[in-house]
Structure formats: structure tokens, C-alpha cells
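Notes follow the structure.
Letters A, B, C and D name the chains as they come in the text, with residue numbers starting at 1 for each one.
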């Protein structure tokens, strides 16, 4: 049984494991106030080419989203997200649990368009409704698609013109940036967003998301919020060590590139066999519609996520690759698919 | 420079590291639904000698406290804690951030007495005040003291008689249970408390707290709360692997025993030199009052926490030992102390 | 200028004013623990023909919704509402501010259908999503439509079968029950819903909503929640006096009947003049689409709410009648409409 | 039976009732956007001699406190209050329910001293603890005492110097300002506090508290918060009408003066009879310690609040006077006391 179920099925990249082993008995200060974390923060500032951002390392994605968003907003302010957005459907109401409404707008390929934001503003005009204040987007999106630079610029412009914060969930930002269709760079985000995060969990780390706060007005007292929401790791260096490794010699990017390559192989084979895609994802998540009898055959040897029933005969499934996906795993899947 | 600053200065016990390395490239299901977590949960049920408890593995202590307490209480219900309790002072209002008041009562050696609980109940009699519903205690306490079995039984009785939940924060439960003065066992907690947690972070793990829910009425839907509060680790097996190791061949207990031994050495030397203790801790945290000139000398080679200014001439400091404290470190401190 | 803007433009029915004046200098206990409140509660139990319900008098609708819903739900539980539901759009995120997601489903004439509830349940299957637990409906709805007994029974059945609470917002329940198309009675609600409220503000009172809790498991400690959310009125008798009057000699129902009659007159005239209705409301809210030039003429002498721009040439408006609407006001509007 | 139980036992001053009756059938806009509210706001700006403040009329005290405080604070920020403060003990955790810790400090005559604030700041130094941000005081206090101008200036200075907001709960500000020992004026508050409220409920209105926001940074979007917390009254003019009347010809002040006079009569008689006072209140709340046998006699004909058991033989009680207290009621109490 080989799993394409997600990009967090395995542990961490060997470089990271090695660094953890090597540093294991060193004594450091707790709560992220150690030299490794400092090194990681420094690396990330270099990668995003902005010395003025604040960087905080957190354990997980939902934790990062809820901590950042609740820190950024006043009680009456709300989030705008596509209805497929992670904060909207897959975080058990984590944002609402901090008191804020998530206004869902229809998704087009998993993405929000600038015009939709304006429409939300136009229908939220007085104190009887929440005040939209933060636009939440994911890149890559929850269905594997990516934002073009032009799209992100348009969204960013609308946000700036209307006093909205733009927050980018980068749980899979590595795969997004490294895919062929992408024209965005890590260094674009500090000027285009108010805050974003770089996902480690799904790209080589045991765990960890690096939150980058770009808008100076959002920086104050952020560590209080991490602590209050239960996200301040006692052995904070664990995150520092990992991100320091991820940004050594571009490991983060080469891991994402590899994950995308494995996805490309799968995609090419699926195209060849003629099955329809559920979304046009160029990244490490592939959404494909299989006839149920094909599905049943594949399920014998492979693990993946049943996404959605399309009709009586067909089902959409999600296949995910990662830095840890083996070429052999991919090849055996392709063979099974062709034989099916 | 050697640090007695805390029990989370180093990484994890080598057994744990080895297990992480060994399992690193295995594929498992995410979010704690893997065989390692199952194994850990099984071990913990054996250790607490109760098959009916529910066990959940979380990353950190504040996260565990806030997730459990907010899951257990209705909006108008409040926590009773001594004023030195971790939830009361050192979690940045994490409990209040979930909507619940923490009623602080004076501490006696870091502990609450059954009579204090009754007094709180007697003064909270109608709907104009919060309804006390959960008693929070720590063992060992925030100042290193421990509860005797008789004390815990008295508290438990009062709670049961008055419909209160008893929640025990066991961030340092290993050191508490292994110290000489202790007469409690892990298997006492399922009947004496409604929920408690076993701290891994401070006793050999990279991170991790095992929450044990004993009261059946508190079990339903608990994973929803973990997810909502940002505590559901994607690579949940990391916690499973660690707790499985901690409860193999009683590693958890032998690590705590070792930490206590190191503390005993320090304590004995301090007693010999005649300095006064700030609290009567028999566990791995030592609170001692040093004249400031001694303090300054020790600070040159050792790291520890300045706890409280006693007067113009004396300061209370906290020294913490752990599984990772070296005998050499302890000996050099003792020497420095005697030479000072 | 005559206003059809809403049903809370005037003060209270003279009987209520008189009772307030008469009782003004009497001394009573505070916080709703007075004989008038007792009388009102008794009357309401009689009206709903159920001695076992709990009745609480609150000041306003949003307050009642947020207090009840947050008291009824655990943190991970969510509300299901049509997207036009008051809690969903017009309460400034009041429900989310208490920590709960409102899951919006498309509305059909302002109403939810039983099948939609099942669909929500089918897509909320694990702890990564909120747990739907309470269905919120309004009768009459936000666009003036009403539920038939059969519809409400179907919804109630689905709720009971799936462990969901059914909560009915009756801000305009008087108009709903008194309109010709209605086949529900006040006495149907205790068995069909878990809680509902009877709106006083929009049917003759200065202010006040009477919450009726039918499900015994939802009753405990409710006054704590009212107090905590800021809704426990010091001079609580003000609410008692008003509801006692409203249910004397069926005043509540005759006021609603009168409001509906005034609406019927307007509706008939609009039908006659041939303008299209925006919703098929049989109650005291009328939603009609006017050509913009007609709108402009009417605006000179009448106040009403601009609801929605339909296209470049037409606009939907809302006209509301109440117990206080004068026949003369209605007639002058009809004349203006016919002359326009 | 005559009641000295509280200052909200009766309805409203006749002037207010008359104004409500007179305006009853007028049509006005809802939600406080009417001419009466405008008039009341204007009067209050005149009374406080500051045109730049924002004034909002709310229904009750707990509602005002929770709405203002939650609007003013970020999630990690906390309130400082004396342990007898209303928000601390008598609002069912309303502030905590909005996510904020209330840090309790010992009270001296119901008052906080500037030095206590500094002490709290000195012990809240990092992100592991909440960040104190708002000082809550009441004038008169919960035990009837008042702040001198010098005391308030000292507190205000400490707040300004340390970036803290000062919020004054004026539920009984009328009695405080009109008592003989007082040297503060309404016009002092805009410069000394960041926000305060003028209590109507306990000084002649049916209900209503006028929140005055003085600090410009706290003004934005405040109506959103009122609505979200359930405090935006549909027939908002009810509050406008009442406050407009209260500030016509100084009615507010003369009512408070009268209440104080009645209290002075009681106080003088108590002094004469030689019973000990529980607090040195110069305002309309009197706290006196009676032998239990005296208490029992008085209870036959008078209603008051049992405050606290002093010892086996004596009990502290609270007597409250108001604008509605009759001279005859006072005289009969004095007679009963002397005869007892």
C-alpha cells in the first residue's frame, strides 16, 4: 500500500532530522528565544528580501491562521474567503471561535477575484452587518490552483484601496512558487500582502509554519497572541532548527520542485489515460475524476482521499505528492492506472 | 555557562530521537490516527490502570489547558485556581480568551485546600456571579510542591459533592510522582480527577502532553475542540512515537527519578551552605533565596530564573533539573556555591 | 411624511403605556423577580398551552438570539440558517462573537427546507469541520413569508432525528400567526421547537422579546447567560408589565391582525396597480418592485426601506405596517401610488 | 413593607413618563437615529463641556461595561479593577466572556490607588502574562464611597504615563457628584478618563446609561460593537427621550441631590443610635452593621440587602435611597430603628 493521501505522511527531510539529532543535547533558551530561531528568522528575511518584516514560527496551520487573524482584527471585523477556503470549511470554526465571522464568497478555481471583494464591501454598509476587514487567500489553493502575479496584484490593490488586510495562507506556498505556471516570487509577498505564512509541515519539516508580518501596524505584541492561543512552543528551537535547515541552500525550494515533478508525472499519466481533472491544479495536489470501478482497483494498492462524489458512476479523488514521495511509488501508481 | 533555567532547555531523550529517526520515512495517517498514537494511548491506559479513559496527545501545556477547560465548561462557568496557578498567571489569559473567568484563591505552598473551594462556592450564589464549575490544580505545583494523597482525596470529595470538575495539570507530574515525599500513583488519578494530563515536554520529549479524560460526560467530540483550538498536529504520530517511547520500560519514571536526584543533590548542598528556601519543594524545581552578592557570582557561570526580589539584599531564584541535567553541571554548581 | 419604514417607529400600545404609568411608583424587586413578570410568564405558558416551558423576558431580538444560541451550544457546534436569516446577516456577527459559526444555506422564499438540513449534515462529517447542532429559522421570515405547519413539522422531524435543536426567531411571530395563509398556532411551538421567542418590540411593546425554552435540557442556569450577556434588565418589571398587557384579552393577536389588515390593503392596491412583488409575503412586511420614477414620487411623502436594486430601472422596497399604522397613512399611500 | 433594597425599585421620574407618553405615537427612525437621541447627546456634550466626545445611549450597566471594554481592548489586553469592582464580581464574568482577564487588586474603601496600578504593571512584564491596558473604576464605588479629584487625577496620570485607558463606571455618578464630600464635576471626566458613563437607571430613568467616549482613538465603529453585543435598541428614542429629560433643568442632579438627602437622614439617625458603619459612604448607598436582633425587627417592615455576615451576632446590610424614596418611608425607618 502506497499513500498519496497527503504531504504530511512522512517525517522530515534527512537534513532536518540530522540537525535535530546534532543539536539535541545543547541547552538553549525556551519559547523561540534561541540562536536557531534567530538564524531561521534571518534566513526568512533574506528569502523575502525584506529586513523589516516580523517573523514568528508556529507549529501548525490552523494555529497560525487563528492566532494571526484574531490578533489583527477588532471584534466587529470579518474575514472574506472563498467558500472552499481552509479557514472557511476545514478548521472547525477556529476563526469564529475567536469571535469573527468568515464571509464566504463563491470560488472560481479555488480563487477569489478582486471584484468579489468589492461586491462584499458594497453589501456591508452599516453597523447592522459585520465590517469586512481581512481577505484570506491560499496559494496554492485548497484545490491546488495558484494565483498569478497579476491576480494577486489586483486583489492587493483592492485591499489597499479599501483599508482591508490581505492575509495569504502559504501552507503549500513551496509547491505554488515552484510550479511551472507560477510567476510570483517569495519576495513579492511583503509588498503585496499584510501578512503571509510559509508552510513547513507540508514541505519537509516535522511541523512548523513561518508567519511573516509585513504591515507594521500588525506587529505589536504578537508573541502575546501566540502564547494566549497555546502556540508558543516551550522548545521553540525545534522550529528554528527546521526552518534554518529549510532555507539552507534552497532546500525548501528544491523539495517543492521535487514534489511538483512527482505530481507532473502523475498528471501526465492521467492525461494520457484520458480521465478528467476535477480542478486545473499545476501543483502537488491533483484532483481527478475516476470511474468508480477504476477507483476500486486503485484503492487496493494505493491510499488517497475521496474528495467528492460526482455522480453515480464517478468520484473525484485527491492525490498528493511531497518531497518524500518516491519515484517508485509514482511509477507503480501509473502502472496500476494504465493496467486498470 | 550551564543552565538550570528550566526543564526544556535540551531536546529529547535519545530513545525518543532514535524512534523518530527510525520511523522517519514511514507513511502514516495524519492527525493522530496512526499506529504509534494508538500504541501510546494503549500504554497510557495501562499506566493509569483504566481502560475506559480517553487519551488525547497535544503539543503543549497552555494548549492542553485551554482546549480541555473550554471544552468542559458552559459559558457562565468558571475555574477555581490558586493565584499562583499556571492558568491564572502564566498563560496570557488563555482561559479568559475562551470566555471563562479564573477565580483566584490564595495559595498555601502553591496548593489549594478543600476548604477554600467551599468558601468560593459559598460566595457565588446567584446568577449575578459566575458559577464555579472546575477546580484547576497542578502537581507538582508551580512552586515545586506536591499534593499528598489525602489532600487530593479531600479536594476530590469536595468537587464530587458539589458537582465540580477536578482538572489536574501534570506538566511536571513525573517529578511529582517520583519524589520521595509522594504517596500518589498514576493509577490514582482516574478516580480522583475528571481529567488530568501527563507532561512530556518537561520530562524527556521534544514536546507533548497526554490528556486523560476520566469523566465520561466530558469525552464527547473532544477532537473537534483540539482542531478548533489549533492543536491537532498534522504529523500527529510525532506525539504518538514519543509517548510510546516514554512509557516503554518505565522510561518516563526513570527520567523523572533522575531529575529529582539531581535536584536532591542541589538541595542538599544548598541546605549545607545554609541558604533559606523560598518554598519547600521536594521535586525538580528548587526555589532558594540567595544574598545578592552570591547571586552575582553564580550568574557568571550558571543560568537560572530570577523569581522574586525578597528585599534589598536577597533574591529568590529558581533552579530546575531534568532528565538532561548533567551530574557534572550539578557538581560544578555545588562547587561554585561553596566557593562563593 | 408618513413612514412605512418599520414596525418599531412608534412607542407602545396605549394599554401598555397606561399600565406603565399606573405602576410607575410601585416598588418591586429587580431583575425580573417581580409579580408583573410572574404574571407575564404565567400568561405565556397559558398561551402556548404548556406549563413546563421556561419563559424569560429579554429586551431585544439580537440579544435574545445571541444569549440563547450561545447558552445552548458547545464551542464546536454551529448554527444552520438560510443566508437571509437575521443571525446570518443582520446582527453584526453576534453569533460568531460568541464563538459559533453560522452555516448559511440558500434560501427559498426566505425559508429553509428539511432537505437542506440533511445536506449540511452530510457534508459535515468529521472533526475538521464544525458540528451542525442548531437550526435557526424565523417566522415570519426576514422577507415576510411564513412556514406552514407541514413545513415546520418536516424541519422539526429532521432536527429530532439528527439531534439538532430547532430555534425559532419570532420577532414577527404575531403577524405570522395572524395572517390568512397561516395554519400554525402558538401552542404548536413547544412540541415542534426546542426554543422560540415571541416578539414584543414589533407588535405593540416599547421593547421586549419573550424567550420560551421548551427542551428541558436547555433550561438550566439560563439567567446566568442573560446576565453575562448584558441582558438582565434592572427594572425587569418593565418587560413583565408589557407582556402581561400584551396577553390580556388577546391584545397581542389583535394588534398583529390589525397590522396585517393594513398590509393587506397596501398589497391589494399594489396588485391593482400591477407592480411586481419581490417576495410573496402574506404578513406585515411587503416587498415590492417599483420603477425608479415611481419610487422617487413616493419618497416625497413616504418613508420606507430601499431593499435592493433590481436593475437600472427598478428597485425593490420594503413597506412595513404595524399595530400603530394609521388607516389614513395607508390610504394616502394608496392614493399616491395610484396617482403616481 | 417599604423597600430600601435598591435605587431601581420604582419606574421613572414623572417628567420622563410624561415625555414618553407625549411622544408615544410619533414616528421616528430606529436604533437611536432620531431627534430625541440627538437632543440627549447634545445635552450631555454640554453638561460635560466637551463637544468632541462621542455619546452612545445603552440600556444597562453590564451591557455598557462589556461593550465598551471589549471594543477598546485587543485580545491579550486585560482590565485592572479592585476586587469589589462590579465587572470583577457582579457581572457573571461578562468581561471574561468577551475574552479579557480582569486583574483584581485589593480594595481600600472600594477604591483603587494609583500605586496599585503601578504594582500590577511591574508584575506583568512579558508575553506569558496578559498585558494590563484598562483601569476600571466606579464612582460612587460599589460600597458607596467616592473618589476625590486628587485621587482621580493621580490615577489618570499613572494611566496616561503608562499607556493605560481609564474607564469610569458611573452607574451612580449622580449620587457621587451631588454628595457633600465630592469635589469632582461632570466636566472633569473628559480630560481625566478615556471613557465613562452616566447612569440613568439608578437616577430617575426607566433604564439607560450614557456612554461618553473621550479618547478619540476609541471612537471608531462603536455602533458596530453595540449592535454585535445585542445592545442596539430598536426603539432607541426611548433612551433619547429619557436622557433629554434628565438633563433638562438639571433634573439629573436634583434627583441625585434628593436621593443623597434621604440617605443623609438615614445616616444621621443611624449615627445617633450608635450602630457602626461598614463603609464610610457619603452617597445614596449606606452600609451599616446591625445586631441580628435589630435586623430581625427591621425586616418586618422594611426591605434591604443583607450584605455580609460580620460575626455570630452582627450583620452588615445595605440601605439604598433614590429619587423615588419617600420622606415618609425614611421617617418610618428611623422611627423603627429608634424603637428597636
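Operating definition for what follows: a contact is a pair of C-beta atoms (placed from the backbone, for glycine too) under 8 Å apart; a residue touches a chain by one contact, two chains touch by 3 or more.
Everything numeric in this text was worked out from a predicted model, so none of it was measured.
Comparing chain pairs B-C and C-D by the number of C-beta pairs in contact, the larger count belongs to C-D. Among the other chains, the CA centroid farthest from that of subunit D is the one of A.
Mean C-alpha position of subunit C lies 33 Å from that of subunit D.
Note: centroid distance subunit B to subunit C, computed from Cα atoms, is 50 Å. For subunit B, the set of residues touching two or more other chains reads 75-76, 91-93, 97-99, 127-128, 130, 224, 227-228, 232. Of all the residues in subunit D, the ones that touch subunit B in their complex are 75-76, 78, 89-93, 96-102, 104, 127-130. Across the interface of their complex, subunit B is touched by residues 70-71, 74-76, 98-99, 127-128, 130-131, 221, 223-228, 232 of subunit C.
Interface residues of subunit B facing subunit A in the complex, by the touch rule stated above, are 2-3, 5-6, 8-12, 14, 17, 20-21, 23-30, 59-67, 91-94, 97, 201-202, 206-207, 224, 227-235, 238, 303, 324.
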